[in-house]
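Got a structure here, written out as structure tokens. Questions coming.
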Amino acid sequence: MRELTFTAAAREALAEEMARDPSIFVVGEGVGERGGNFNTTTGLYELYGPMRLRDTPIVERGFIGMCTGAAMTGTRPVVDFMFVDFILDAMGELINQVAKIQYMSSGRLKMPLVLRGSIGISGASATHHSGSYFPMFVNIPGFRVVVPTNAYDAKGLFKTALRGDDPVIFLEHKALLNAKAQVPEEEYFIPFGQAAIAREGTMATVVAVGSMVRRVLEACDALASEGISIEVIDPRTLAPLDIPTILQSVHKTGRLLIVDETFAPCGIGAEIAAQVTAQGFDDLDAPIQRLNGVYTPTPYSPPLEAAVVPNTTQILQAIRDLLAE
Amino acid sequence: MRELTFTAAAREALAEEMARDPSIFVVGEGVGERGGNFNTTTGLYELYGPMRLRDTPIVERGFIGMCTGAAMTGTRPVVDFMFVDFILDAMGELINQVAKIQYMSSGRLKMPLVLRGSIGISGASATHHSGSYFPMFVNIPGFRVVVPTNAYDAKGLFKTALRGDDPVIFLEHKALLNAKAQVPEEEYFIPFGQAAIAREGTMATVVAVGSMVRRVLEACDALASEGISIEVIDPRTLAPLDIPTILQSVHKTGRLLIVDETFAPCGIGAEIAAQVTAQGFDDLDAPIQRLNGVYTPTPYSPPLEAAVVPNTTQILQAIRDLLAE
Amino acid sequence: MNLTQAEHLALYRQMLEIRRTEEQLAKAHQAGLIPGACHTYIGQEAIATGVCANLTAQDAVFSTHRGHGHALAKGVPPRQVMAELFGRVTGCSRGRGGSMHLFSPEVGMMGTSGIVGPCILQATGAGYSSRLMNTGAVGVAFFGDGASSNGAFHEGLNLAAIWDLPVIFVFENNMYATEVAFSYATRNTDMAERARTYGINAYSVDGNDVLAVHQAAHEGVQRARAGQGPTLLDCKTYRTRAHSEGMPSLGTYRTQEELDAWKARDPITTYRALLVSEGIAAESDFDAIDAEVGALIDESFEFAKNSPYPDPATVAEHIFSS
Amino acid sequence: MNLTQAEHLALYRQMLEIRRTEEQLAKAHQAGLIPGACHTYIGQEAIATGVCANLTAQDAVFSTHRGHGHALAKGVPPRQVMAELFGRVTGCSRGRGGSMHLFSPEVGMMGTSGIVGPCILQATGAGYSSRLMNTGAVGVAFFGDGASSNGAFHEGLNLAAIWDLPVIFVFENNMYATEVAFSYATRNTDMAERARTYGINAYSVDGNDVLAVHQAAHEGVQRARAGQGPTLLDCKTYRTRAHSEGMPSLGTYRTQEELDAWKARDPITTYRALLVSEGIAAESDFDAIDAEVGALIDESFEFAKNSPYPDPATVAEHIFSS
């Protein structure tokens, strides 16, 4: 099967859906002739022109508010925000408006608004270009929060986002954008709320989020050679969150570790731990543990940057500690 | 001892500190002659005039950004934001700037910025005036998050906020503003990161947040008459969070319930549950449970509004269920 | 632009419907029938009426905390507005919204907001949809002087301008934002001038003169539908009641003289007098309308008061589309 | 305003220091010594230089992603800027910031920001502190054409205007925001005119003419210190390198002709020629400065390159004040 990068797969999803549905348009800084800061729209401006590939001034609040109104009036905006750090300026629009309008209108208005762009610590991007910030979107009712970790999932989940009528926060980790995976030519969709079992195992369950999936898988390869069998789960969407799959795995393994680059307090690992404790307590043979990035603004200098992201040594240690409990 | 309302106690703290420190000024819509939407500044304009009681246009992002610059240059701004829902428009300033500047400057700049105002569901305020939104401030490194639940704590915590050099999010639940408590005339401070044991007990621990403290205490009074002894903990500050006090209590009781009006996913209850599971697993005789408000935008109509906030019946049931495990 | 007698009377009737609804709501608030906030539109009726007379149900109105008048003028029946403020399931937002969250997409009332600012951006988005799908629809934002200092104003006006979007920005300058005077909030209270610096067509309008508003809105809407881009109406007006029911109507910020002077310029009585003096309508025409509207409001009030509350079991419905 | 020869030469020297630092950084970026982004200020040196010549260490400068020039002109030594971009502990932000996060409060460099917009508000706040504590200090914001569409511009300018705050808004119009032309982003590229609609004193300045910038900034700073409120400098200029190192310098948005025309108006060579033709300085004066600056930059580069990285054990320090 052919291989595509994460970015190319997501772009293919966008291109297919734009060809199919004339009400889809993309908004963002440089999404026109330039083809997007991360090549998210390369080649599309030539096909669809400025009304559907809309370059904007630097007004994240403004264009997200505008797209809110557009989504309420029959079109399907895709906001290409470059870095999630930038849309913090639009949190008022997102939380007070986007997330609430379907509810406040008793379902008479829809909100088919997709926001997509990069997250994550990578390449000395420093503190204003390294955020992830998904816990706050998970905390608030009204968002679908999608964190694909490979090209195959990126395409299938993006297609689902573009067909739905709900606001979707589609987050693309910078460290994954150029990674390739097999992507079939045939159309496919991946539903929201279905975790992937990235690796089967029996002795412990590790839920890995975003860029941590690959790193955890590598660590588990190393452990396999020692006869240690770990199950790795990639939730793929954080809202909805596929707790049943995690519970099932913990039922089998009795042990759970959550590995997440982002901050621990009130993070996604806390939510998973709380739910598994409440619903799977009797399955637990050891305390659930979390391994998170260091709770600090992201520093620039490479040795500092490396020090805040969970690394393979720490992952291995955390798994060994968990097994030793 | 004299009794003061929550609002009066916090106002007294502000008045004392403004008298002492000429670099403190208050900014917000109606904080001048009008004395604040919630009477937070009544009487102060007459004493200190417009430079220190500064009425503003409706520019939450603007005045928070402005106060950021002021805090970096030797003054101590207090932002009186009325409803926390409004400062979502300033999340970019808060997360990207306020929370990060001490770190990015390696401690050479301070950020003595206090943001205070109302939270919570109460009185059919509807979805744009009922938010609490503290989990996102807890998730991000760089904030002190304070949730006082009575007049005594409000004064002592507000004084601490005004003396410190860190950004403080000081959240005042609307349902508590008029509640009275004894407040000594003598000056006192309550340090951040010290939970209060609101009620001692032996059979289970309930951590209650914000407006839930009083409701939980009432429920526990009722249970006491049946010989059921519950320990109730009021964390008072959510960042820093006093986990040792909670662990100690769970060590004694073996059971934990967290009651919080705000949304469960990635909420403060999740964080407490995750930490207690990780560190106090062996003390647990039953799964930790959470009781949260319904995961939905806040509706207006009183019967709907009542249906989203944990009520006494639900609290009683949750405690009984916990004991029955 | 010449209006027929029927059109003239329809404007009068619409203003009166708003006035009577608001008066009824103010009374209901005092009587404890409204559990939450209530910001009345009394004194400003000419603006919503003059603008919405130029719109169809396809056109999308976005409004703010003082939105009852906009909802009514856009075609939401008074009973639905009242029931909403009473928290009943028959309200236009099914009781979920109250005064500051009125939704009725069926008639193009796309929502009022308890947050000041967003309506400006959302109306711009409705303009974008219209241009993209070529529907001819117009997006309309109603907002106050207080909103004009907000970043949403700057960003929204600029986007509408550079993309020639069919949007009408209706700036209702009632001189105060709660108790903060507009002359304190800005050094430049002339929003028509300000709008022109964005390259936006603008009219300065007497907001208490329904014909002036109607005329300016007509031109703006025609331009918008013709692809000539956005228009801002800078309407000077005054709210003659308190910012919000239960607050003092003068407060620390207004004088009795100022209030009286504006009451003397009441948009409804002055319009009625004008129509009579110009011979367009007779007193008896108005009496009939007054009676009809009076009956409608009474009936709406009874309907609202007797409507059931929403079922708490439905509280978490419609967060998502499915 | 008459400058002494020493003052003239200091302006030249400052511009040259920025230019040489940036050229060194561009080379270092190609050589892989800069792990993150690098936005150079080449072509715009006259603006930071002309403005900062009027400031003291008490005055607070806030800047944006293209901030090396502002930091240098405000007095951060080149070695500290270079070391910062190389991620070393000797950098002005101890290696935590890189190109877009330069902090040096010791000299009044209060930070650059990777987010476009906030510097405008923060400078306004420095003005507020100054007025409240009566220090006579001035807040200064440097920002690009791209930032002027943002809500922060509207909110910040208005607040500074209504409260007469001592703030200098330095608008650097280099005609593009990344690859988006300013003429696309707004219908009104005249920011001096726009500023006046807020009631703000404003000057239109040739941003490649250091004397013009210096003169306008001088007037603005004097007014600010005298309690006469804010000033905006609308400076037209051009960046002659790519938006960011590694990107194409023409891209899909600029022509070679345009670039060449602006290079012919280089702020440093034209100033040097002017001083010579006016008899203010001789070629030999410049040669001495060129040599001194060249040595400084070489030495700074060696210093930065040989500086240690920060200790990972310190990574979580200073999140809070204690």
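General observations
As written, the chains take the letters A, B, C and D, and residue 1 is the first residue of each chain.
The definition used in the following text is that contacts are C-beta pairs under 8 Å (C-beta built on N, C-alpha and C of every residue); 3 or more make two chains touch, one makes a residue touch a chain.
Please read all numbers here as calculations on a predicted model, not as lab measurements.
With respect to chain A, maximal separation of chain centres occurs for C (centres as means of Cα atoms).
The geometric centre of chain B is 37 Å away from that of chain C, both derived from CA atoms. Between chain A and chain B the centroid-to-centroid distance comes to 30 Å (mean Cα coordinates, whole Å).
Note on chain placement: the centre of chain B and the centre of chain D lie 41 Å apart, centres being C-alpha means. Counting partners per residue, chain B has 56-57, 59, 61-62, 85-86, 89, 92, 96, 103-104, 127-128, 141-142, 295-297 as the residues that reach two or more other chains.
Residues of chain D in contact with at least two other chains: 93, 96-97, 101, 113-115, 117, 149-152, 155, 158, 162, 184-186, 319.
Interchain contacts join each chain to each other chain, per the touch definition above. Note for the complex: chain A touches chain B at residues 60-61, 85-86, 88-92, 95-96, 99-100, 103-104, 127-128, 131, 133, 135-136, 138-142, 239, 241, 263-271, 273-274, 277-279, 281, 284, 286-290, 295-297.
Looking at the complex, you find that chain D touches chain A at residues 35-37, 87-89, 93, 95-101, 113-117, 146-147, 149-151, 177-180, 184-186, 251-253, 309-310, 312, 315-316, 319.
Contact residues of chain C toward chain A in the complex are 60, 62, 93-94, 96-97, 101, 103, 105-106, 110-111, 113-115, 117-118, 120-126, 128-133, 135, 137, 139, 151-152, 155-156, 158-159, 162-163, 317-322. Per the touch definition, chain A reaches chain C in the complex via residues 22-23, 25, 51-52, 54, 56-57, 59, 61-75, 77, 92-93, 96-97, 101-111, 141-142, 144, 164-166.
Within the complex, the chain A residues that touch chain D are 29-30, 33-34, 37, 55-59, 61-62, 85-86, 89, 123-129, 294-297, 299-304, 306-308.
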